[in-house]
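Order of writing sets the labels: A, B, C and D. Residues in every chain begin at 1.
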Amino acid sequence: MSDAILYGLCGAVLVGLGLFGLIVHPQPLRKILAFNLIGGGVFLLFGVVARRGAAAGFGGDPVPHALIITGIVVAFAATALAIALLLRLFRETGRTTLGSDG
Amino acid sequence: MPNSATAGAFLLILAIVLPVSGVLLSLVLGGRHAERIALILMPAGLAVALTIAAAVWRTHNVLQYFVGNWSPPLGVAFRADGLSAAMMVTAAVLICGIGLFARGQFPSPQQSELRAPLVFWTLLPAVWGALNAVFIGGDLFNLYVALELLTFAAVPLVSLDGRAETLAAALRYLLFALLGSILYLLGAVLLYGAYGTLDIVLLSGHIQAGPIAWAAISLMTTGLLAKAALYPFHLWLPPAHAGAPAPASAILSGLVVKAPFFLVIRLWFDIMPRMPEPAAAQVLGILGAAAILVGSVVALRQVRLKLLIAYSTVAQIGYLFLMFPLAIKPEMGDPWNTTAWTGGVLQAISHAFAKAAMFMAAGLIAEALGHDRIAGLSGIGRALPITVFAFALGGVSLMGLPPSGGFVAKAMLLTAAVAEGQWWWAVVVLVGGLLAGGYVFLVLARALADASQPLTLLSPISPSRQGVVVALAVCAVLLGFIPLRPLELLQIGRPDIAVGGIR
Amino acid sequence: MAFDTGVAVLVLGVAVWTIAARDTFAAVVGFVAYGLLLALVWVRLAAPDVALTEAAIGSGVTGGLMLGASTRLRRTDTPAVGEKPGAVLRLAAAVLCALVSAGLAAIVLLFPEPAPTLAPPAAANLEVTGLGNPVTAVLMAYRAIDTLLETVVLLLALVGIWSLAPDGIWGGFPGPRHKADSEGVLTFVAQLLVPVGILVGIYIFWVGSVAPGGEFQGATILAAMWILTMMAGQVDAPPVSQRWLRLLLIAGPAVFLAIGLAGFAMVGAFLAYPVDYAKVLIVTIEIPVTLSIAATLALLVAGPPERAPK
Amino acid sequence: MSLALDALTILAVSTGAFFFLAGTVGLLRFPDALSRLHTLTKADNLGLGLIVLGLLLQVEGPFAALKLIAVWLLTLLAGATVAQLIARTARPGGRPV
C-alpha cells in the first residue's frame, strides 16, 4: 500500500465522520465544524488523485492542487458567512440551535 | 460537437462578465447607483441572452468558447446548447420583470445608502451571472464555483429583513446548500481520479459504467437534490422562500432552485447518455412523486399565503423529476423518450414564470393588507383585481389547465407515461393537478369573497408593479401556445442518441 | 510509511475528537489541530502550495473565526432537551456514514492504473505563461476563470455578512472596538510582528510565480496582520461605507476582468495573454488581487457592522 | 569533520526532542493552567532552539540559516504572546483580554 492510498483511505473515513457530525449535531456551530471536516476529507481525496498523477517532473498533478486551493478559500468564505448568520441569530434569540430539526 | 471555439461564442463570456461587472460597480459606487446599474444591465443582459438563443437556433449547433484559448482538459470551456439558451432567456426575462417590480420595494434614497436596497441591487446581478455560469458551464469544477456563487448570492436575500425566523431559515438553507456543494465536489473529484478530466463533453466520451462512475454520479445527484429541495431534502425551502421579500422569493423559487435541477439533467443526459440506469431513474421519479403529494397536501393546510406558495414549489419541483423515469429507456442504446424530456424542461420554465408571478402577487397583497393570512383575504379580489388575476393565471399553469405552459408540460409527461406503459406516473400527475387546483381555489375563493367590512388598504399599490406581475403570469400562459417547432430549440446539442423527435 | 501511518492515525484521532467532544470549544481546538496536521499531510503528498493554504486559511483563519464564535456562544452551549436526535436516528446516521466511507475507500483502491494526469500538458505549456510554478499557472492562466469567479465569491460572502447589520448601523464599523493598551502584550506583538508579517506575506505572494506560494497564501498573511493590529486596538476596522475600502475590495476582480477583456483585443480571447507579456500581465493581475483578497478575508473575520458611523 | 557535525546535529536534535517530550508531559500532568503554561513554553522554546541549532549545522548557505533562525524567533514571540494572553484569562480575577 502506497502513502497515497493510505491518505486516500484516511480521506474516505474523514468524509464519513464529518457527514455523521453534520447529521447528528443539533448546534449549527458543530454542523459548520463537521462541514469543514468533510471538506478536509474531500480535498484530501483530491490530493491523493493528484499525487497518483505525479508526472512530468512534478510531485503531483498541479491541476487538482490549484482546484484544492480554490476549494479551501471557498470553504472559508462559506464558514465565515454561516458563522456571521449564527452570531446574528444568537443575538436576536439567544438560541444556538435552529429549533425543530436542522 | 465542434472541437474548437465557434463564431459568436464570445457572447457567452458577456453573459457572465456583464452581471459580474455590475456587482463590482454597484459595490464601489454604492447608494442609488446600484439600482441604476441593475436597471441598465437588464436590457443588455436580455439582449445577450436572446442573441445567444438566436445564434444557437440559426446555426443549429452548440456555441462553444474556450476561455483564454486553453482547450479542455487543461482549460475551461463554456457551451450553450438549446437547453442552455432556453434557460438563459427564461432567466433574463424573469430577472427583468423582477427588477422592475422590485423598484417599488427597494427604492434607493437620493443621498444616503440604505442596507437592504444596496444588498438587493448588488445581489440581483450576482444571481443572474451565477445562473448564466451554471447554464453554460462546461467544466464540473467551474460549475462548482458557479454553484457557490449562486448560493452566496441567494442566501442573504432570504434574511434581508433581519427577523430571527428568516435568519434561521437562511442559516438552514446555507447548511443544506453547503452539504450539497461538497457532495457535488466529491463526485467531481472521483470522476477526475478515474478519467483525468472535468470537461463534460470529454467525460461523456470516456465514461464507463462501473463503481466509480456510479458512485460519482450518485454523490453529485444527491448533492444537487439537496440544493434543489427535492423530497426528502425539502424542509429548508418553505421557510426560506416564504420569509424572503417578495422579489427575492420570486428569484429563489422561480430561478435559483432550477440551477441544480439543470445540472442533474446535464449529469444524466449529457455526461452519461450511453449508460442509462432505469432503476436509479425510478428512484428519482419516486422522490418526485412523493414531493408532489407531500408538498401539495401540506400546501392545502397552510394558513399563510406565502407559505402555501412555497410548499407548492416543493410539489412543482417534484414534477421536474418525473422526467427521469419517463425519458430514460431500459434498453441501452434506445433513444430517449424526447416527449418526457421536453415536458420536464418546459415544466421548469413555465413554473419559473408562474411561481415568480404568484410570489410577487402575494407580496403585493401582503403590502396592501399588512398580512398574508389566507383567512383574511376576503375582498382583496375587488381591491386588487389585476393582482388576483395574475395569481389565478399562475395557478392555472400550476394546475396544468389549458391553455398554459404547465398544461403542455404536464400533457407531455402524461403522454410519455402512457407511451412508456408506466401509467402510475400519470396517476401522480393527475392527482398532483387536482391538489394544486385545491390550494389555488382555496386562495381564490377567499380572495373573491365579499369582505364583511370594507377593506382599507395600508398602502396604494402602483399599477405598474401589478402590470409586471400580470405580464409574467401571461408569459406562463403563453408558453402553452408555443407550437412544437420552437421546442426543437431544446434538442439542439443533444447527443445523437436522443434523436427521436417529439411524438 | 510508518511516519505516514502515524500521521494518518493522528488526523483521524483529532477528527473523531472534533466530532465527539462534548464541549464546543474543545471541538474547535481539535479542528485547529486537524488543519495543522492536514498541512503536514499536504507536504507528504508533495503539495506544498496546498500545505501553505491549508495552514493559513483552512486551519489558521477558519480556526480563529470558530474560536471567536464558540467563545461568544459559550454560555449557552448545552442543547435543549429534545433537540438531540434519538438513538435510532444516530444509529441510522452512523450506518449510512460508515457505508459512505467504505464505498469511498473501495473507490480509492479501484482508481485506474496508471493514474490519469494533466501534469504533462501543464508542464508543456508552462513556458507560454512565463511562470515557474505550475499551480500558479493553473490558477492564473489555464483555469483563470475559476480564480476570477472565486474572487467574486469572496466578495459576495462579504456582502452577505454586511447584510446582517442592523438597519441603523449600515455603513458603520465592523465588529467591536478593541481598546488599545499601550503596555499590553498584543500592542507589543503587533508593533514587532506586523512589519515582519507584511514582509513575509509579500514574499510568499511574490515567490508564487516560481515556487510554492501565491496570492491566496500571501493575502492570508497580510489579512492576519491587519486583524492583529485591529485586535491590538492600534487601528479600528474601517466603516463599510468608505469609498476607498470598497475600491480596495473590488480592485482585484476589476483588474482581473479588465485584463481578461483586453485579451480579446490582444490575442482574440478572454483571459488570454500574449506570450511575450504573459508574466507581466499575470503579476499585474496578482498584485491587486492579493490586496483585495487580503482586505476581504480580514473583513470576513471582522464580521458585520456593529457600531454606527460617526 | 562532517561526521562530527552529524553527531552534533543528532545530539542537539535529540535533546530538543526530549525537551518537547518533557513539556508535553508537563502539560498533561501539571494541575493548573499557569504551571502548564510554564512547562509548555519554557520547554518548547528551549526544545525548538536546540532543534534549530542542530539543523543549522546542516544548512547550505546563509539564507536558509537565516530562515531557520527567523522561524525560531517568530515561534518564541508567538509562544510568549499566547502564553501571556492565556495567563491573563486564567488568572483568578484577571482582566479579560
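We adopt the following convention: a residue touches a chain if its C-beta (ideal position, glycine included) is under 8 Å from a C-beta of that chain, and two chains touch if they have at least 3 such contacts.
Here the structure is a predicted model, which means the values were calculated and not measured.
Asks: If you tally contacting C-beta pairs for every chain pair, which pair wins?
Replies: So the pair of chains linked by the most contacts is A-C.
Asks: When the C-alpha atoms of chain A and chain B are each averaged to a single point, how far apart are the two points in Å?
Replies: 28
Asks: How many angstrom lie between the CA centroids of chain B and chain D, rounded to a whole number?
Replies: The answer is 57 Å.
Asks: Whole-Å distance, chain A centre to chain C centre, using C-alpha means?
Replies: Each chain's C-alpha centroid was found; their separation is 12 Å.
Asks: Return the residues of chain B touching two or more other chains; collapse runs of consecutive numbers into ranges.
Replies: Chain B, residues with two or more chain partners: 74, 141, 145, 148, 152, 155, 159, 162, 167, 186, 190, 192-193, 196.
Asks: Do you know which chain A residues sit against two or more other chains?
Replies: Within chain A, the residues that touch at least two other chains are 15, 32, 45, 48-49, 52-53, 63, 67, 70, 74, 77-78, 81, 85-86, 88, 99, 101.
Asks: Two or more other chains in contact with one residue: find those residues in chain D.
Replies: In chain D, no residue touches at least two other chains, as defined above.
Asks: Please list each pair of chains that are touching.
Replies: By the stated definition, chains touch in these pairs: A-B, A-C, B-C, C-D.
Asks: Considering the complex alone, what residue numbers of chain C touch chain D?
Replies: Residue positions touching the partner: 185-186, 188-189, 192-193, 196.
Asks: Quick check on the complex: what are the chain B residues that touch chain C?
Replies: 5, 10, 13, 16-17, 20-21, 23-24, 27-28, 30, 65-70, 73-76, 112-116, 118-119, 122-123, 126, 129, 133, 141-142, 145-146, 148-149, 152-153, 155-156, 159-160, 162, 167, 186, 190, 192-197, 211-212, 215
Asks: Using the touch definition from the top, list the residues of chain C that touch chain A in their complex.
Replies: 1, 4-5, 8, 11-12, 15-16, 18-19, 24, 27-28, 31, 34-35, 38, 41-42, 44-47, 49-50, 53-54, 57-58, 61-62, 65-66, 69-70, 72-73, 76-77, 79-80, 83-85, 89-90, 93-94, 96-98, 100-105, 107-109, 111, 115-120, 122-124, 134-135, 137-139, 142-143, 146-147, 150, 153-154, 157, 160-161, 164, 214, 216, 293, 297, 300-301, 303-304
Asks: Enumerate the contact residues on chain C facing chain B in the complex.
Replies: 103-104, 106-107, 110-112, 115-118, 121-122, 125, 141-146, 149-150, 152-153, 155-157, 159-160, 162-167, 170-171, 241, 243, 246-247, 249-250, 253-254, 257, 260-261, 263-264, 267-273
Asks: Give every residue of chain B touching chain A within the complex, in rising order.
Replies: My answer: residues 74, 141, 144-145, 148, 151-152, 155, 159, 162-164, 167-168, 170-172, 174-175, 178-179, 181-182, 185-186, 189-190, 192-193, 196, 235.
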